[in-house]
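Chain nomenclature is as follows: A, B, C and D, assigned in order of appearance, with residue numbering initiated at 1 for each chain independently.
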Amino acid sequence: MFIKKYIQDIWGAVKSLLTGMRRTMYYFTHHKEIITEQYPDNRDTLQLPERFKGEVVMPHDENNEHRCTGCQACELACPNGTIKVIFKNEINAEGKKKKAIDKLVYHLELCTMCNLCIEACPSDAIKMAQTFEHSVFDRNELTKILNNPGSKIMEGVE
Amino acid sequence: MWSFSNIANNIHAWLGNNFNPTMTLVIEMVLAGVAVIGLFAGLGLVLVIMERKVSAWMQIRLGPNRVGPKGMLQSLADTIKLIVKEGLTPDGADKFLFNLAPFIAMIVAMLLMAPIAFAKDFQLWDLNIGVLFVSAVSSIMVISILMAGWASNNKYSLMGAMRSGAQIVSYELSAGLSILTIVVLSGSLSVSDIIYSQADGWWIFKGHIPVLIAFVTFIIAVTAETNRAPFDLAEAESELTAGFHTEYSGMKFALFFLAEYVNVFIVCAIGATLFLGGWMPFHIGSWEGFNQVMDYIPSSIWFFGKTFFLIFVIMWFRWTFPRLRIDQLLNLEWKYLLPISMINLLIVTAMAILKWHF
Amino acid sequence: MFEEVGTTPEGDMIINVGPQHPATHGVLHLVITLNGETIKKVEPHLGYIHRSIEKMCESLSYRQFIYVTSRMDYLSAHMNNHACAMCVEKGLQVEIPPRAQVIRVLMSELTRIASHELWWGAMAMDLGAFTPFFHAFRERESINDIMEETCGARLTMNYMVPGGVMHDLHPNFQQRVKAFMKLYKKKIHEYDEMVTGNIIFQNRMKNVGVLSANDAISYGCTGPTARGSGVSSDIRKLYPYEIYNTLEFDEVLETGGDSFARYMVRIREMQQSIRIIEQLIDNIPEGDFQTKTKAVLKLPKGEFYSRVETARGELGVYIVSEGGTTPYRIKFRSPGFSNLSVLNHISKGSKLGDLVAMMGTLDLVIPDIDR
Amino acid sequence: MTNEELKIKLAEILPSAIIEDGNEWIEIAIEPGEWLQSAKQLRKKEALQFNFLFCLTCIDWKTHLTMVYHLRSTIFHYNIVVKAKLDRDKPEIESVSNIWRTAEFHEREVFEMFGVNFLNHPDLRLLILPDGWEGKNPLRKDFEDPINMIRL
């Protein structure tokens, strides 16, 4: 019947609207469900997973020594030309000339955090750090030198 | 007891003692104007923060929480930002109409404040056709929207304005018809008379199901009239970017924004007055003690409480429902709301004649 | 390219939707001819985010080019990487260990759910309901957290490499996935309450943008767009790759062909993905996660084509090798490009508001279209 | 139907084409002039019904261009690859956009990226590239753009 159907339609419509309204009312009254993170405030407690790819860093030990042999594997693996290895000649204990890295230049502004350089590195000299607040006022600050000044290669790393 | 009418009377008496009658009238006019503007600004601030908090909690967020305690001064900060922003007028726009439109929106919203009874015996203008005045003046709102849309010289704005025109003209009908049910029941167009007719119970309780239907129709129709979601086709963010106020910026945009919120307040105030007894406290039959406790609550609290409850309902709609399409919007009005409210009015008239209501 | 005159000679209004428009979710530019509110013609102008990935890949090695493809359809980054890795493996004739296969399938299905979640929220937002957007992000975030823990990134993971996957699964992985599935099952009924069952929503979606099965085939539609029209086009079923032929799941088909059918396909597909994950999560085989490949990969001379089912449809990777370390020519057959071409056809005669619903249910991701 | 049977079927309707086993699927080399006729046959023949053109692209071999069409039948689930050699200086081939509608967009893409002229295409304009790119074809091997291309 026409009128019955008309009223049924209206009732069905109102019911569907009320179900939705009940759901939003549930969230309006249940503040425990709030999921937002208070980012700048929770900086101290913020824990990023250890695999998070923030930027490439080169770990140094307490003697200011790193593991980079300057094999350029990372430079070749990088799709964007983010890493550049600059060499210097060093004279080692036996008085022989030896090639060693002078600077490992890392362009953070070009990096896409693809992790290929770290996969390619044969001596585990570089790794990904969990930092993520990279914004700076001057773009030049994003060009970083990964090895510390005066650092040298660890004994026994070939 | 502390009440708005006492304060108003005290001021009136003090002015009458110190100035001549003409001067008193002028000063009272100025005071009333300042009060309205103050209420306007205050409402804007309160409603914006309310909307943002309501939406945030429904959307499992915290909402603004940076400016002031619990973010309560956020809307003040927003206002300052909007005031210092540049108000651009587009090159191809009709400059006069473009700049006029937001002011018309404001003026309409301010005019609508006149017949509203904020508390017991506290009303700017108790004219004997208060309800008619409200429904007549609120129709002028559409002119400002059409003006804004046309003068912006932007196709999105124009489409928003045209949608809004069709929408407001249609929904005016069922809003008017649902207001009429109360006029029929109370036998008066005056706002104060309608409120006094509810001294023994609000119309929503006294009027059985027909008034309930009229109330629901009224809420739907005024939601549409104030261009609030799910009927925000004039703005329709995802379709028309911002509809009729696409080209507005700075304070001119803020005026539209403010007018929208004040309009929401006004229609909710009208709804509270007509259906929920205005400033009348909630009474239950012969429960004397209970009724006395209710009477102890100031009438202004009753009025604002009811109004803000209705505002909350309209916000609740907005943050739950998707938007209608233009043809569905008009279908809803002409195929459902209008026939229902016409039949409903007929039933209510019969009810009023036969004295079936309480 | 921008029309200078606002009207056509017939007096119809021309309106530019995009490149900056809330409903295009990116930089799609549609030039729409309107008669009042009724659409007469929709003409997409692409290229605002065109990076010529195909040309870029020609100068990148077979290990390097995979990460670029994460940036194509960024919501199904895993599947894009998967297709590329599979294509390179096909050329190298490398078998990948079973553990890597299972990990790949798990990651792909999680990505599919995450992608559909975002689509669900964004589409509801297009239709004017803002709240579902935030609710969808709750579930999506927990998937992203799982990704972040195992792959190290939330969106552009670059996790699948030729020969397997880059890292092993994180020890917490199984537990986190189970927690996610529990959350998802607890919240799934809200999708119906908030959106699917809503009368306004249903009226907005039903009989809007009807696409017949024949047209879907002719226009090259794939994925949920085609399945909404009843065209069986799930690569996982038709041409199974990895371990999909050993898994139990249904290809979701709807026959309506309208926006609502496409919507339902995606909603039901999420449940099928959950089903796949349930089968696999406790049965991840032990073993290597990667077959060791040479440091410098060289594909033999020839042509290699591999395809996967991404969240949007069939992604084909066509590598032409000259025997060197870089591809000679690479072509990505992206699902979004073909799906977009149908927009003009289905939107004729509908209202401007419907266009938003149609664009929502075609699930357009602009970088995927432009590449 | 096995690959061998499919090959026989294909040879029946495409007598002048060279049909051989490719890396994965059957590859058919065809003369550009016969393409439209062959495409109609492939689409219409009851036993074949290649109704789904899932990939359409072009390869620049420096000496010539090759159009590559990947076809599939949604009914029988065969895949075939059709190739047509084009002259590099004046590449022209018939458009198949009225047989497979998806070809319209794909052909426009190939037109701007490789400069292949599709005859009888309904709307052959630039799709992705901005105005003023006519004549420069980015995916050709000899394309150079000092501003927009960065060489590492």
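The criterion applied here is as follows: a residue touches a chain if its C-beta (ideal position, glycine included) is under 8 Å from a C-beta of that chain, and two chains touch if they have at least 3 such contacts.
Given the structure is predicted, the values throughout are model-derived calculations rather than measurements.
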| item | value |
| --- | --- |
| Chain located farthest away, centre of subunit B as origin (C-alpha) | D |
| Identifier of the chain whose CA centre is least distant from the whole-structure CA centre | C |
| B-C or A-B, whichever has more C-beta pairs in contact | B-C |
| Centre-of-Cα separation between subunit D and subunit A, whole angstrom | 42 |
| Where subunit B and subunit C are represented by their mean Cα positions, the distance between them in whole Å | 45 |
| CA centroid of subunit A to CA centroid of subunit B, Å | 51 |
| Centroid spacing, where centroids are CA-atom means, of subunit B and subunit D in whole angstrom | 63 |
| Set of subunit C residues in contact with two or more other chains | 131, 135, 138, 194, 198, 200 |
| Interface hub residues of subunit D, defined as touching at least two other chains | 152 |
| For subunit B, residues contacting two or more additional chains | 58-61, 319-321 |
| Subunit C partner contacts - residues on subunit A that touch it in the complex | 12-13, 16-17, 19-20, 22-24, 27, 35, 48-49, 51-53, 73, 77-79, 112-116, 119-120, 128 |
| In the complex with subunit C, residue positions of subunit D that touch it | 22-25, 51-55, 57, 59-60, 68, 70, 74, 77, 81, 100-102, 104-106, 109, 127-131, 138-139, 151-152 |
| Subunit C residues within the subunit D interface of the complex | 1, 44-47, 50, 52, 54-55, 59, 90, 215, 217-220, 222, 231-233, 238-239, 302-305, 314, 316, 318, 320, 328-329, 331, 333, 337-338, 340-341, 345, 370 |
| Residues of subunit B defined as touching subunit A within the complex | 54, 57-62, 316-317, 319-321, 336 |
| In the complex, subunit A residues that touch subunit B | 10, 17, 20-21, 23-25, 27-28, 31, 33-36, 38 |
